[in-house]
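Provided herewith is a single structure, encoded as structure tokens, for subsequent inquiry.
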Amino acid sequence: MLKTTDLSVKYGVIDALKNVSIDVKDQSITAILGANGAGKSTLLKTISGLIDPASGEIVYNGTRIDGIAPEKITRQKIIHVPEGRKIFADLSVYENLQIGAFSVPRAQHDASVLHDIYNLFPILKERSSQPGGLLSGGEQQMLAIARGLMARPDVLILDEPSLGLAPLIIKDIFKTLTTLNAQGMTILIVEQNALQTLKIADYAYVLQVGTIIKEGPAQELMEDPELIDAYLGKKS
Amino acid sequence: MEKLLSIDHVSMTFGGLKALDDISFDIHRGEIVGLIGPNGAGKTTLFNCLTQFYKEYEGTFTLYSDAPVDLGTLKVTDVIDHGLARTFQNIELIPDLSIIDNLLIGAHASTKDTFIEEVFKMKRATSEEARLRKKAEDVLAIIGLTAMKDFYVKGQPYGILKRVEIARTLMSDPTLIVLDEPAAGLNDQETDDLEEIIKIIQKEFNVTLLIIEHDMGFVMNVCDRVCAINFGKFIAIDTPAKIQANPAVQEAYLGRDDDA
Amino acid sequence: MKVFNTLDTVFNALGRFFKNVPYAGYGLFLLLLWLIPLFHSVDVISSGQLGIFAYIVVITVAALGLNILLGFSGLISLGTAGFVGAGALGVGVFLDLGLPFELAAIATLIVSTALGALIGLFSLKVEGIYLAIATLFVGEILRQIFTTVPIFGGQSIMIGSVTLFGFIELSTFSQSERRVLFAIIAALLVGMMILMQHIVKSKTGRALLAMSRSSSAAQAMGVSLLKYRLMAFSLATFFATFSGIMYALYNQSVPTTQWTLDLSLFVIAMVVVGGYKSIYGTFIGAFIIYGIPNLYLKDLFGDVSYIFSGLLIILVILFYQNGVAYLAVDIRLLYAKLKRRIHGGSHGKAPLD
Amino acid sequence: MAEILRIIFNSLETGSAYALAALGIVLIFRTSKTTNFAQGMIGALNAYIAAFVALNFGLSIWLVSVIALATAFLTGITIDTLMIRPAKNVLPVSKQIITLGIIMIIIGIIPFLFGVNNFQLASYFPTGSIDILGATLRFNTIFVITVSFAVMGLLFWFIQKTRWGLAIRVTASDETTSKLMGVPTATVTMFAWASAAMLATLAGLFVAPRVSVYPNMLLNVQISAFFASTLGGFSTFLGPVVGSYIIAFLRNFTTFYISDIWGNVMVYMGILVFLYFKPYGIFGKKPQKKV
């Protein structure tokens, strides 16, 4: 459904990504794993149009979407929830959610979407008039995901949703992702938290210094001893 | 072993979040210590507290360069006078100066000539300048950058820049150098070169190094000991091999597995 | 290729000469400037043109100071005109009090530079965008003081002939003495250029650069932001005030109303167009911004100096950020490229400044 | 009493001009991350157009105002498209200098388009006034204050309550994330420039009858607007408006009661001192910085 082929990205002279090919299947949860600086976020930003690739292509439902402006990508119903949540701190929770629906044409606005989201995250309804900046880390992450859901995405892209959150909250968030997936949403997730992610994912890629060093069904990767090496280095 | 730096019960809060939570460990003279931890673990925050960029921390850093000094009592610009030099995560060089001039900035704190002496090119200013240039050339020779000394920093490959930044710290005759992700963005060859260089300067300049690094291969090869932290909390400090095998460290990196 | 060999030899010889005799360039430059009054004496250059050149020489000094601020320290000031005015009018006021010219100049420099240091103190509190606004106010306050406070004497201050060292009396009303005055301000300009060269190629210059390019690295190296921001503003004010004093010396009559934001903008244009950090570039910038419209374009198109400067600033920022001073480097790069293409070899390494 | 009232009416009128200009400055600052020093010049250029059309075609002030606002809209869009957007990656200081360049171009172009003579522009209500406790309140003053309040009220309503207003606010706070929400930030920025130009022009049309139309007619307004924006804080939309009225009042008050000469200087100095202790203004917050 969403495919990259030999995608390369350069930051000046540095290769941030080298020939990365991934295939996100319809209604799957696909995970990109890897240590810091492996290029995971870069891959997501390239898909959502924030970064232009140096070469390679990105195809979504049969059409190329690489090099298209990010605001146009959102109209294809691919929604990127950025790393670090990026809540608009001065805006209320409700306004944060409203702006999430900006890519949806006015005629298609539907009050039930907000209703469903409030059902999924009751805490957001409670806090709807509070400034986003006053929420706790976990609540902000929920708001970030909820804001993405307001656009009624077909593909939801998440960048490190567990970053800096307590284990119990991470569990909650991952549970929500499984629920969304069960409702038919395709999810592409970048995570450092490998084991937990593999548990909910169908398929995973492991990225190291800009290249894919391993891929496979999540079940298989979970038992792969080399996965630890990818994170903690080869024993020498 | 002689203690060089002791970190005692350091905590730091960022907008309600505990970025550092009661961290304590010591660094001995002459060793190379790695500091590891997943994204957001608090490594750079610890560096920024240590080098006094952040002042609002609790706990103490005591440096035993000569007379023991509580770094918290110093201004950020005075830290270097006590033998503590650092690099930055994103290269912080002066792009529009030559490599050798960038090194001279590293010697800023140790030059003694006054502004008036500079303006009128008086003896002390010119001889200081000559002395430092000589010193910079020596450092560049050891790092292997002599041929490039007059090149502008702008436009040089990343690997070179990382080396220049390390070379700059050497200009202030430091006892302790802290490096923030020196291998980030380097390719395999450059990383290997960097390992060599770090070992060389550790010997040649008789310095102690504390290194934040994500490239575990690099950490394993270079460091004598490795300290792991996560969520601002100390996990363990030990030899590289033992850290690698430590279940708590593995959990920190790979995520918590509730069923295991 | 014989042409290239000869060219290379010439370039190398020139390069070696200027490297081994560091002040030869400045000496040569001064001699060139001295040709201007010489041409005036034989009527190649009119008196009006001599005045324009004098203005270029004077304003270059202010622009050099702004270049220390803008090019090296990354800080902006919209108050340059105010300090040039302070220099010119201040010297007039002190002369009125009966001080000899030299003492009047020194007194003006001290008062004005201290004021500049105050703004430096202010600049620590406000970053970038706010700083520009703060300096705008300072310029405005100075302008209002000049135009409304009685000691500056209404429309203008008359200085009259100036006595240097107690015995050389020079009046701008005599053509020959005006040429001497020009020669003196030209020498002063070159002196200030050398002064700037010494400042920027030293610990101070490097510290200013470090401060603007990476304030955290600068601090880690022991560069005190307080000290060097004060330094940058004091130097910029010192140069601007000096330029004002040169203005008073040459014109011997100082208007109170022309020290407006417009002049500050023109000085900024000189630095931007001439090239950040470049000493000769600053002079070239002043020549382009003030000289070309007034010497050449005015007769053809009328007063196009504003449009011309405005367009140049924007074009330079958008398309040639290094300023015209960088043309020399680009030409050398082009030359190396051309040589490589013709030679087919690849041993030409990129030249460095 | 009559004097105080007179000062208040006067301050409300001049303050309105400052506030309109300041609002434009803040709109641009928040979306383009630069201070538009050409704000006053853009207003002056379009006031010239209004005066020129009025003089040559004999149109009423009402009609030429509409024309000037339309040309202002185009001026804003032209500047953003040709000069600001291409400068996306230049240093903040260089971006400021671009707006200084715009000042120079406009100053330079005016004599070629309109000649060197000043123009006159009529008041909206040349006659008529009411007396309140001995102070004269002209209809034109009432009109200027009412329109300014209405325009600012409408703008605040738009920014706070509409979908595109929300788009402006998110672009102002984080452009990258806004793009991920599907907000066309380039379009938002372009309209910010267009609106700012119209606000400046409105300020120009309001002060023109008093000062006549000449290139630097809005210099005073612009400097006061910058003062006001800094005083109120660039990080809010309301702060600069409040700051504008404060400054207008202080200037009128000090020049009347203390000194014609020193009044302005004292106000400027006072605000500089205030900024030294509170650099980000009354309502402003210090931007977060990371090492």
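The letters A, B, C and D name the chains in turn, as written, and every chain counts its residues from 1.
Definition applied: a contact is a pair of C-beta atoms (placed from the backbone, for glycine too) under 8 Å apart; a residue touches a chain by one contact, two chains touch by 3 or more.
Keep in mind that what you see is a predicted model, and the values were worked out from it rather than measured.
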**Request:** Just list the two chains that share the greatest number of C-beta contact pairs.
**Result:** C-D
**Asked** Which one of the chains is farthest from chain A, going by Cα centres?
**Response** C
**Request:** With chain centres taken as the means of their Cα atoms, state the distance from chain A to chain B in Å.
**Result:** 33
**Item:** Mean-CA-position distance for chain C and chain B (Å)
**Value:** 40
**Message:** Suppose each chain is reduced to the average of its Cα coordinates; what separation in Å results between chain B and chain D?
**Reply:** 49
**Complete:** Residue ranges of chain D touching at least 2 other chains are 291
**Message:** Which positions in chain C are in touch with at least two other chains?
**Reply:** 216
**Message:** Under the stated contact criterion, what part of chain C meets chain D in this complex?
**Reply:** 70, 74-76, 78, 122, 125-130, 132-134, 136-138, 140-141, 144-145, 148-149, 216, 261-262, 265-266, 268-269, 272, 302-314, 317-318, 321
**Parts of chain A lying in touch with chain D, wherever the complex brings them together** = 48-50, 69-71, 74-75, 79-82, 86, 88-91, 95, 98-100, 102-103, 106, 147, 151
**Message:** Using the touch definition from the top, list the residues of chain C that touch chain B in their complex.
**Reply:** 195, 198-199, 202-204, 206-207, 209-210, 213-214, 216-224, 231, 277, 352-353
**Prompt:** Taking the complex as given, what residues does chain B use to touch chain A?
**Reply:** 16-17, 38-40, 157-158, 181, 184-185, 187, 214-221, 231, 241, 244, 249-250, 253-258
**Request:** Name, in rising order, each residue of chain A that touches chain B in their complex.
**Result:** 12-15, 35-37, 136-137, 160, 162-164, 167, 170-171, 191-197, 209, 227-228, 231-236
